[in-house]
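Several structures are given next for inspection.
Presented sequentially are two complexes of chain A, the first with chain B as partner and the second with chain C.
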Partner chain A sequence: MPPETTAAPVHPAPDVIHNIGYRSYGGARLGRAYARRSLYSQSLRGAYGLGRSAKSKILPMLLFAVMCVPAAIVVAVAVFTKMNHLPLEYTRYAIYLQAVIGLFLAAQAPQSVSRDLRFKTVPLYFSRPIERVDYVVAKFAAMTTALFVLTAAPLVTLYAGALLAKLDFVDQTKGFAQGLVSVALLSLLFAGLGLVVAALTPRRGFGVAAVIAVLTISYGAVGTIQGIALNTDNTQIISWLGLFSPITLIDGVQTAFLSATTSFPGGHGPGTGAGVVYLLVLLAAVAGSYGLLTARYRKAGL
Partner chain B sequence: MFNSTVARLTYRALLGRRRALILFALPALLIVLSALVRALTGADDQTAVNVLGGFALATMVPLIGVIAGTGAIGPEIDDGSVVYLLAKPLKRSTITITKLIVAIGVTVTFSAIPTLIAGFLLNGNSQQIAVAYAVAAAVASVAYSAIFLLLGTVTRHAVVAGLVYALVWESLFGNLVPGARTLSVQQWALALAQKIGADGTITSDVGLPTALVLLAGVTAAATWFAVTKLRSLTLAGEE
Partner chain C sequence: MIATESLSKRFPRVTALDRLSVDIGPGVTGLVGANGAGKSTLIKILLGLSPATEGRAEVLGLDVATRGAEIREQVGYMPEHDCLPPDVSATEFVVHMARMSGLPPTAARERTADTLRHVGLYEERYRPMGGYSTGMKQRVKLAQALVHDPKLVLLDEPTNGLDPVGRDDMLGLIRRVHTDFGISVLVTSHLLGELERTCDHVVVIDGGTLLRSSSTSDFTRDSGSLAVEVTDSDAVPDGTGALAAALAAAGLTVQPAGGTGEYAAAGPGHVLLVDVAGEETYDTVRDAVAGLGLGLVRMEQRRHRIAEVFRTDEQPQQTHAWGAAPQERGSTDAA
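For the complex of A and B:
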C-alpha cells in the first residue's frame, strides 16, 4: 500500500513537526520463541559451515568424514570376515576418536560465540525479543546438537552395518542405545566446556588454542599420572584420577553405568560407587558451564 | 633486521591481557605435576623421562609454539590492522624477523625454563635428563615458532592448522606410521636430547646430523617463506 493512500489522521499529533510518511510495522510479530529457535538453527548450521562460505565448510565436513570413515571400515571388516560381533564397542568409538571431536569443538565453539563478541553484535541480538538466557540456551543447545550429530553418525553407521551383517539384534540394539547415551553426555559436557572457554575471548584463534589446551593438557596430565600410578602399583588412585579430564570423565561414567570397557591404564576403571561420583561431577560440570555462560553474558556487549 | 617498536608491539600482543594466563597456566601445570609425581613416586629416571617426554615436549611445547607463533602475526592479519604496520617505512623482512625473534623468545621462556625446573624437581638432573629435555624444548621452540609464524601468514585458520600438525601428525601418525616420525620437530629435538642425556635414557628415531640439518633447514625455509608471503600480502575479506 503506497503511503499516499493511507488514511491521514484527522487530528495529527501536535508534536509531529514533519510527517515524511514512515509506516509502522503491521505484520505478525513472531516473538521470543521464534527468535530463539532461529538462533539455534543458525548456530547449528553455522557449526557445519552451512550458510557460510565454501572455505568454512571444508574443516567441519572434513572432520565429519574423518569421524565416519573408521566406522565404515569397521563395518566392512565385520561383514567380510563374517564376525559374530563388531570388533569395536559402540561406547569405545568416541574415546578412540577424541582428537577429532576435540578439533571439531575447538574450531567451531569460538566460531559460534567469539565472533559475536569481537564484532560487538551481541547487543544486536539483545535488541530482538530474546533474553540473555535465550542466547545461552540456543548456543549451548546448538553446539550440543552439532557434537551429537558428529558423534552419533558413526554409531548409526556401525549399527546399520551390524544389522545388515545379521548380527544379534538385541545385543546390537542394547550396545547402540548405550553408545547413544554416552555420546549425548559427551556432547553436553564438551559443548559446555568449549563454549565457556571460547566465550572468554573475542579472538577466534586464541579461543581455538584455549579449547584444545583445556582438552589435551588435562587428558595428557591425567594420562601421565595414571601411567605412573600403574607403574608404582598405586591402582586404587587410577580410577579416581579420571575425574580431572573431560574424556576420562565420560569414560568413567560409561564404564560404571553403560557396561563399557574402560581405557584407563591396566583396566582399572571406576566401580558403581565411584561411578556415582563421576556422574555427579559430570552433571555439575554441565550445570556449572551453563551457569558460567549465563554469568558471562550478563555483562557481555555492554 | 630488528626493530624495537615492532618487538614491543608484538610482545604486548602476545602477553597482553588473558593471553598471558594460558601461557603461564601451562608451565605452572607442568611444575605442579612434576612436584606431585615426585611426591607420589620419589626420584626416578624413567618417570622423569615419561613426564618430560610425554607431557612437556610432546604436548606443552607445541601448544605454546602454536599460541606464540601464530599469535605474533595471525590476529593482526585477521583484523586487518597489519596494514598500518606494513605502511610504515620498514622492510617486510625486518617485521617478520622481529616478530619471529619475539615469538621464539616467548616460546623458549615459557617452555624450556619450566622444563628445566620440572626436570630438577623430578630427579634433580640425574643423568642430565633435565638439561637434555630443556635444550630439546628450546630447540623445538625455535622450529615451532618459525613454522607456526609461517602458518599465521599463510592461512586465517593458522591455529587449527597448527594444532592439526601438532596433534594429528606428531602424536597420532607419529605413533602409527614410523616414517612420519622422521618428519617431526619433536623427534629432531629428541635427537639432540639423546646426545646430551646419559646413554640409553632418551631415544629418538632420527640421527643427530639429520636432525640438526632438518631443524636448521625447516627454520630457515619457514622464515624465508614467511618473509616472501608477507611481502606480497593481500588482505582477504571476512571469511
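For the complex of A and C:
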C-alpha cells in the first residue's frame, strides 16, 4: 500500500526555501490487527537480536548454533555409517538439549517483557490502537515462535539428513511430524512460563535468574524424587511425578501420545490414561500463563 | 475536541476526578493543576485506558468508553515519565511506534524522518537513546506522539526536568505543533506561568474539580503587571523612588514589590510593579528610565502566581492547597 504523504506546506511562502514545512499524513491507517502483527514481528526479531545491537545477537545466535550442531553431527554419522535408522528419536532431541532451550528462554523472555516494564514503554503501547489482550497475544506468540524456530530447526536438519541417507520415508516422516507436535507444545508451555516469570519483575537480571531457577529447580526436584521412588520400588508414582516440571510434562505427553520413549527413570512413563492428565495439565498451564499475563498487564499498563 | 460531562474517577482511597465537566476546543489548551490534581488520570480516561467511575467523555466526538481504539489511532500521547528504551536509536524507536499506530512500513519511515527533523533531532537520531540528554529525550517523546499525524496530542508535563532554555524550546515547539502542524494540543503542567505563554486556553483543576476554564488573555487581563528594577546613579541616589515618581507622573499605577517572595534578592523596595495599561506602557517605562539616566536591571512581564488566580476565585479553601507548593511557584516566577 503506497503511503500518500502529500507535500502540503502550511505556509505557502514562495521566498522560503529552507523549510519544507509540515506534511500531514493522509495515507492508510491499518489499525489494531496490523499493530499487533508489528509488535509480534518486532518481538520475534528481537528474540534473535535482529534490529538490536550486535552484542545482543551473540547469545541467541550462539544458542541456535549449539542447538543445531548435534543434529548435524547425528546426520553426518547416520549418512556415513549407512545406518538404517537415526541414532535418536525426533521427540527425544529437545529433551536432550533442554538446558539450551532453558538458557534461550531465560535470556530472551526478560528481554521481551521486562524491558518494556523497566523503561515504561508499556503505557506507550497502550496509547496506541492495541488493547492489553493484543500485547499479551503478540508477546506470547512471538516467544512461542522463537522457541519453535529454535527447537524445530534441528528436527528439520535430522529429517533432511534422514532423507539424504535414504532411510524409510514413511517412518521418518511420521517421527518428524511427532517431533514437530512435541516441540510446538514445548514452545507454548515454555514461552508461557518464561513470560509469566519475566513479567513479574522489571529487572532483567532477576528475570533471567528466576526463569532458570523455575526450570532447573522443578526439573531437579522431580528427577531426584523419581530416582528415590525408583530405588524404593515405588514405580507407580514415577509416572505421576513428571507432572511437576515443564520438561517432564512434555516428556509425559509425548510418551503417551507421540510414541516417544520416556526419559523417566526406569522407563516408567505415563500410559494413555495418565497421559490425558498430562495433556490437560499442559493445556491448563498454557491457558493459565495467558491468564496471568493478561491480569499482570491490567495493572502494569497504567 | 474534548468534552467531559460530570466525569468522576474514584479509587478505593482517593477521588481523582470529581464531577468534572469541561469543553475543550481546537488550539493549544493548558491543563494546570498541582501534582495529584487529577491531570494524568484525566488523560488516561481520555485515551480510553482507564474507565471512568461515572460521567462520560468524548474525544474528537468519539465516546472514550466504547471507541477507545479509534480515539487512540487519531490521538498522540506523550507520557510524563521516561519511556524510552536506552539500547535502540530514536529512529528505530519512532518507526516502531509509528507502525504500532497503524502506519504501513514505508510511511512509518518517511514520517519518522520528517517528525524527528521537526522536533529538532538530526544526526543524533541514529545513536542509542541511552546517551541522550533530557532535552533530546523529551523531543523523541514528542516525536513519537506526533509521528502518526494525530488530530490531537496529549502532552503530560512536557517541560519536566528541562532547564530554562530547554523549557522555552519545548514550549516554542508545542506552539508550533498547533500553528505549523495544525494539530490541537492539550498540555498539562503544574506551572501556570509557562502555560500562559503557550496556550490559547487554560483549564485549572484541583482535587479533581474544575477551578477555572478561560482563555489565556482573560488571565493576563486580570493582573497584567510589569516588574521593573533599576540601579541608582550619582545624580539620582534613590533611583527606584525617582522612577516611581516619574511613572506616577506619567499616569501609571506603581507600587513597590514586597521584600519577600520572588523579588527578595533585589532587596525590599527595589522592584516596582507597574500596572500595564497597554502596549505604550513599555515605552513609557523605557523613556522614564532613560530620562533619569538610570541602568535598567530588570523589566519583565510578571509571571502570575497561581495563588492570584484563586484570590479572584470564589473558592477560598482552594488557595490553601496551592499554598502547599510554594517552591514550585517560586521556580515559575524565576523562569
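As a working rule, the second predicted complex is superposed on the first by the 276 of 302 C-alpha atoms of A that agree within 3 Å, B and C clash if a C-alpha of one lies under 4 Å from a C-alpha of the other, contacts with A are read in each partner's own complex, and residues count from 1 in each chain.
Throughout what follows, a contact is a pair of C-beta atoms (placed from the backbone, for glycine too) under 8 Å apart; a residue touches a chain by one contact, two chains touch by 3 or more.
Every value quoted in this text rests on a predicted model; they were computed, and no experiment measured them.
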Chain B versus chain C as contact partner of A:232, first or second or both or neither: first
Partner chain(s) touched by A:131 [first = chain B, second = chain C, both, neither]: second
First (chain B), second (chain C), both or neither touched by A:23: second
First, second, both or neither for A:123, with chain B first and chain C second: second
Partner chain(s) touched by A:52 [first = chain B, second = chain C, both, neither]: both
Which of chain B and chain C A:220 touches, first, second, both or neither: first
Common ground on chain A, meaning residues reached by chain C in one complex and by chain B in the other: 52-53, 56
Chain B contact footprint on chain A (complex, rising order): 52-53, 55-56, 59, 99, 102-103, 106-107, 200-201, 203-206, 208-210, 212-213, 216-217, 220-221, 223-225, 227-229, 231-232, 234
In the complex with chain C, residue positions of chain A that touch it: 1-3, 5, 10-11, 21-25, 27-32, 34-35, 38-39, 42, 51-53, 56, 115-116, 119-121, 123-131, 301-302
Residues of chain B touching chain A in the complex: 18-19, 22, 26, 29, 33, 36-37, 40-41, 46-47, 50-51, 54-55, 58-60, 63, 66-67, 70-71, 74-75, 78, 157-160, 163-164, 167-168, 171-172, 239
Of chain C, residues touching chain A in the complex: 44, 47, 49-50, 69-70, 72-73, 75-77, 79, 81-88, 92, 96-97, 99-104, 106-107, 110-111, 114, 118, 128, 144, 148-149, 179-182
